[in-house]
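Right after this note come the structures.
You will see two complexes here that share chain A, one where it goes with chain B and one where it goes with chain C.
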Partner chain A sequence: MDLKKIYRKIGFPRLIISTFLVLLLIIATALKIPMSGIVQDILTRFGMNAVLVLAMVPSIQCGVGINFNLPLGVIFGLIGALVSMEFGLKSWTGFFVAILIAVPLSTIAGILYGLMLNKVKGQEMTVGNYFGYSIVSFMCIFWLIAPFKNPEMTWAIGGSGLRVTLSMASTIGGVLDNAFRFEVYPSWMPKWLVSFLEIVPLGLILTFAVLAAIVWIFSKTKLGTSMRVAGSSFKFASSNGVNVDKYRILGITLSTVLAAIGIIIYSQSFGFVQLYNAPLYVALPAAASILIGGASLRKAKIIHVIIGTFLFQGLLVVALPVINILSEGSMAEIIRIVISNGIILYALTRKEGETA
Partner chain B sequence: MIVPIVFLLLSVIGFFLSGLPLNFVVNEMVFRLSRNLILVMSLIVPVITGMGLNFGIVLGAMAGQIGLIFIVNYKIGGILGVLVAVLVSTPIAILLGYLTGKVLNKAKGKEMITSMILGFFANGIYQLVFILLAGKIIPIKNKDMLMSTGVGLKNTIDLNIIRKSLDNLLFGKITPLPIMTLIITALLFVGLYFLLKTKLGQEMRAVGQSMYIAGVSGINVDKTRIIAIIISTVLAAWGQIVYLQNMGTLSTYTNHEQVGLFAVASLLIGGASVDKASWKEALIGTFLFHLLFIVSPQAGQNLMGNAQIGEYFRVFIAYGVIGLALLLHAWEKAKNTASIKN
Partner chain C sequence: MDLLQMKDISKFFGENQVLNKVSLTIKQGEIHGLVGENGAGKSTLMNILFGMPVIHNTGGYEGEIFFDGQPYNPKSPMEAMEKGIGMVHQEFMLIPGFTITENIKLNRENTKPSLFSKIFGPKLEKLDIAKMREDAKAALKKLSMNIDEFLPVAGLPVGYMQFIEIAREIDKSNLKLLILDEPTAVLTESEADHFLKVIKTLASSGISILFITHRLEEIKKVTDNITILRDGCLVKSVATKDIEIPEIAKLMVGREIETSSANRRKINTEEKPYLEIKDLYVDMPGERVKGVNLKVYKGEILGIGGLAGHGKIGIANGIMGLYPTKGTILKDGEELPLNNPREMLKNSIAFLSEDRKGVGLLLDEPIDFNIAFTALEIKEEFIKKIGPLKIVDNKKIKDHAEKMIESLDIRCTGPEQRVGELSGGNQQKVCIARALTLNPDILLVSEPTRGIDIGAKKLVLDTLVKLNREHNMTIIMTSSELAELRQVADRIAIIAEGRVQAILPPDASDEEFGLAMAGHEKEKVVN
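Entry: the complex of A and B
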């Protein structure tokens, strides 16, 4: 009786995936793979991806569902990062300039996109997905002809057109990850603190915590509550005088801006800006993560972001070294495809409102 | 009718910019039509049944490729090889179509996005089977197909043993054009035409009009939808076999991925929409889409001095046209429901 209750609370997908994760961790220990490395990787990948997953929250809360058009925000985030790199700005200045450029651009894009989505209620996910694909392929042309001149960013031959991956090592790479790490630690620091700071990317995690707190506080304000009401039931909201269309635009704009910030955070941690087709591969893992965390197409909370990102990234991080020892290298990628699409499929085939 | 006209203009401008000789374009076009028409046709039945554009034809394409992997493994060449591939892939396609139909019945109203994600998911399973299990658990006799480690199929598999064996059947001595494939495509179109005239076809239309009314008037809605998807998946499997026997090489892990995208874009460019499609749109759309495909790299090269731009442009067109068509359709539908309410 009680077990059933607990099972229902945890939910089928989370049970399966955490069991799998624990199993992999046991195998990893048996294979003598260093734990500190795994913990560091999980935390780093968590921080890298969590903001992109967070971007799904306002979109689900305002009733649009999964924002498959995350690439829209991502592109403006990339433009922010690229402009900052073009001027050779370094570390924090570079990071904040990138954010300052990305936020207004993605706000405008988000508002326009929200206006468009209000015309296609009920088909947002399909339309959004293809809209995202078209934007990304259009931007492929832009990256080729964009007026960037910095020789570190353009193709060596010809001197024009941006490279596929640009290193951020000399600009803003690792600025958040290494915010609390030093070349030489001061002597007053105890040893455990030093190794803690080396393993935990504290700056990265704190940045996510701040952004998550902002989204959480926003959802508790009057504006945020109205937005959730608008998202939960169209009829109920409009009969209560809530302007549903307005709140949908608000939710989508927030989501787009978070995606823009998210990709800057992702890139600085990864150390590279990835252009051309790379933004295409942002939305599905983010959608999968939040659904694994327990969100549905109608309901999402911060806790879903944290649990989902942790489980999904944890699984990938642990699976990789274990599988590399046990089997072929491509297995980890296949697992990622199967799990992420499987969970989205699972959510899509639930009845309205049921959690995944 | 505005969409096909715009694309015709775009293609004609592209043709003049590219400076390609006309007979090259015509020749290329005949082959491309013979390769792609069955795949595009496989989308028609689900559209009529009201399930939108079935991105799940990717699963059908996989079934077709499994048939081809089978014949290469047993080294069955020629027209017999094509026939065996069809025979092997059809039951697989029926099974996959049945499963797809089951899943889509659970996601009514969200069929398109669900079928797309289902395609991605199936792709993962497909890779799992052919990268990890082939050669290990699945016995592969033909060692040329396996990677050097002995596990997993190679990225490209040579299909020379059946290359153009259908295209050149009977008429091969007279002309290099794929006459037989075009005849079979035409027969399938006629078959589809008559299928839609039967009772089953009428029921599909009824379900497409309104699931509720169809259900009330005694039609088994879920079953009709599953049948529609099975037909679509089987046609896609055959279409993929026809496509690959013409190409002569199988890219084991990528060939099926683009099938859904290109077929859907073709149909939409022909003027079809999410709830209306026929053989006319399939034919016109496939023609226009591939005309743009043939001319755009060269046009990009001549216009911008970079062939890559033309390449990206046609991908943009493929995605953009699907996005725009879906957008316009959903927009119109929303307007209609609003006006009914008022």
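Entry: the complex of A and C
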């Protein structure tokens, strides 16, 4: 295979970003930043974010494009987590109760949002963006007046209204990350396995693997195939008797549900629930990740999620210590914003169907 | 004196010759008619004359043109206009939100100096509205139009818009030749009559007119001379008084036809129709169907022909439910639900769209998926059930595609090649393969050979005939190419003005076809 073919297969953005990542890794080694810490961070951040990125797949496949309205699903995921915390549920019980509450709520929200999107075909991404802003602002009111009573969650003064950041340490924090980690490892375990489990958040990665497998199998079913066709060409699909509107609703609902599950997974790993304006900042990095991974506005696969999340998060994790040593202030954060917005901009200038 | 002389004009689009040594002469004050079927080369000839960029972007033309005694080779419409050639297009080029006056004076506004123009140049001069209104009024008056010249164009009847376009041209003081491209197509009969009178008045004032139309009686009524084109060649240039309408029709259509009438079956119209269409209306933009009644018999190939824009394409699209439709469709005596492609497919009616790349194929998907999808969606073929899941069986799809590629001779690198990379003919074969996979009772085919080279054309047509003979598939084939319909169809329905004008046997004369296309002799139905 000649170089040109390889280059085309990798694509310009991935080439640049992986080169940059490798460069940073070399510098990190030179600066004697511990490698095991970096690997652990990359894997953890990968697991935290991958499901949110995965939520983009059904929405792209069904023809709606990038789901900039991820905050909608995120909000219902947060409500699930909050209800579970309100009752003081711990560990796995708390986690599953949160999911059980979040899934039906986000399903309903997804269907309603899908119905709305069918009325604005062709402008889903713009509309989704503004819908996201609106719903997040609306929920700011809700967080203040919601009937949560648990003193760990409400403002200390007055006793009502939820705090901006709620700790999950005593409830479901780290339940997936630490699923295969123990206070004291049994003595029969070899040493390499212990350090492997300490570095790799196995539960988190496995959860993503299960969800990704579900999305993958779905795309292989008749339903998933029809949805993909509905998303590729309205004319072709409708002339073949595919109800395009129905599949768009299906795709956007799946995306919303995945966003809800994704934020619960994210929060338990992060250790905190972030309310108020925080859900706004979910959509852009997720969109950037899947585009870096090689998806286009019309085509997305699981492999794009994996590559994209790994590159995007890897870059952030490595850049943070390196740049903080080399320069001052919040350079790492600035780089994150430049990369995520830059890659979205780059993807939007591509012709439809062409990968970024 | 000859105002315009075009000598031996030839034009290629790529490999495709669309004009072959066509000559045309127009005298001053003459009304000259130009007729021909769709694709005969009329538009290309006009585009050359009017200096449209599409001509020069595709390598220019061969031949010479003299206008007003001078050699003339326009590079842009602007140049043509400066020389005194005006053109009224088939589609209106008016700005709806502007007034009639503004439209007539568009880009040629009368202006007077203002303070800013003295400093920044003439681009900033003030509009002289009063003068513009006066001119517009005068131009409209020449067309005997009594209408407030300050009304906005939006909302005016189409007939008026046509006159405004012409008013714009005659307002140009240097106008010598006016090209009218199917000006009466959108007019009602009385409007058209008025229009023809106006043309005559214009001609008598010394302006030459080149008149393109499908309505032969209009040509006969107003023109002095007629030029007939067919397949890019000049068939005849003749004085109007020396030729009758039937002959014009014959010359327009006539060409050698390789009919294989030996194996043509006689269709027994006594038996019960297999598919019956009653009073079908289809709202397909540009191809409206206005009350079609058709009976299709089992096992026949019914051709549907007619000129572009008269609604022949709309019929198949309407039956499939791709555009809003009303009427009744009966298959084997049972009424079918309208506006529902899925139900039509379930009732074993399949469609090969004229819009192959948009409707017919997923260009980004591989051949095998394109072939299998309809059967997968409608009949749940190529699926293996694992528990409650219906998983798509990619291996089966691939095996099936391999068989199809072999039997239809689709030239490709393999079943996983993207359809977008195939040539037009092979893409059409993929469409046929998909229909074949569905194995429908009735196959609707629209423009099966559009954009396909000659060799592949024959293959596609042969395949359709084979399907018909071997699988006893009833085929309804719509085509702009009459020759092709006459080659394969058992009966041919000619559509004019959105209705069935006549149903002719394929060996009917050129004259009959030509007349039916032009909308003559409504009662003549040959069974």
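Quick notes on this structure:
We adopt the following convention: the second predicted complex is superposed on the first by the 355 of 356 C-alpha atoms of A that agree within 3 Å, B and C clash if a C-alpha of one lies under 4 Å from a C-alpha of the other, contacts with A are read in each partner's own complex, and residues count from 1 in each chain.
To be clear about the criterion, a residue touches a chain if its C-beta (ideal position, glycine included) is under 8 Å from a C-beta of that chain, and two chains touch if they have at least 3 such contacts.
Not measured: the values here are computed from a predicted model.
In this superposed model built on chain A, chain B and chain C occupy separate space and fit side by side. By the touch criterion stated above, A:K121 is placed in contact with chain B alone, chain C being left untouched. In the overlay built on the shared chain, the residue A:T349 is in contact with chain B alone; chain C does not reach it. Of the two partner chains placed by the overlay, only chain B lies in contact with A:S137; chain C stays clear of it. Within the superposed three-chain model, A:N341 lies in touch with chain B and out of touch with chain C [touch as defined at top].
In the superposed model, A:K222 lies in contact with chain C only, and not with chain B.
In the superposition on chain A, contact is made by A:V242 with chain C only, not with chain B.
In the superposed model, chain B and chain C sit 70 degrees apart as seen from the Cα centre of chain A, a figure rounded to the nearest 10. Between chain B and chain C, more residues of chain A are touched by B. After overlaying the two complexes on the shared chain, residue contacts for A:K32 are found with neither chain B nor chain C. Contacts of A:N129 after superposition on the shared chain: chain B is touched, whereas chain C is not.
Think of it this way: put the two complexes on top of each other by chain A, and the tightest Cα contact between chain B and chain C is 5 Å. Within chain A, no residue touches chain B in one complex and chain C in the other. Residues 217, 220-223, 225-226, 229, 232-233, 235-236, 238-243, 298-299, 353 of chain A are the ones that touch chain C when the two sit in their complex. Interface residues of chain C, counted against chain A in their complex, comprise 320, 322, 340-346, 351, 353, 355, 358-362, 364-365, 373-374, 376-378, 380, 383, 389-392.
The residues of chain A lying in touch with chain B in their complex are 68, 116, 119-123, 125-127, 129-131, 133-134, 136-138, 140-141, 144-145, 161, 284, 327-328, 330-331, 334, 337-338, 341-342, 344-345, 348-349. Across the interface of their complex, chain A is touched by residues 52, 103, 106-107, 109-110, 112-114, 116-118, 120-121, 123-125, 127-128, 131-132, 149, 151-152, 304, 306, 308-309, 312-313, 315-316, 318-320, 322-324, 326-327, 329-331, 333-334 of chain B.
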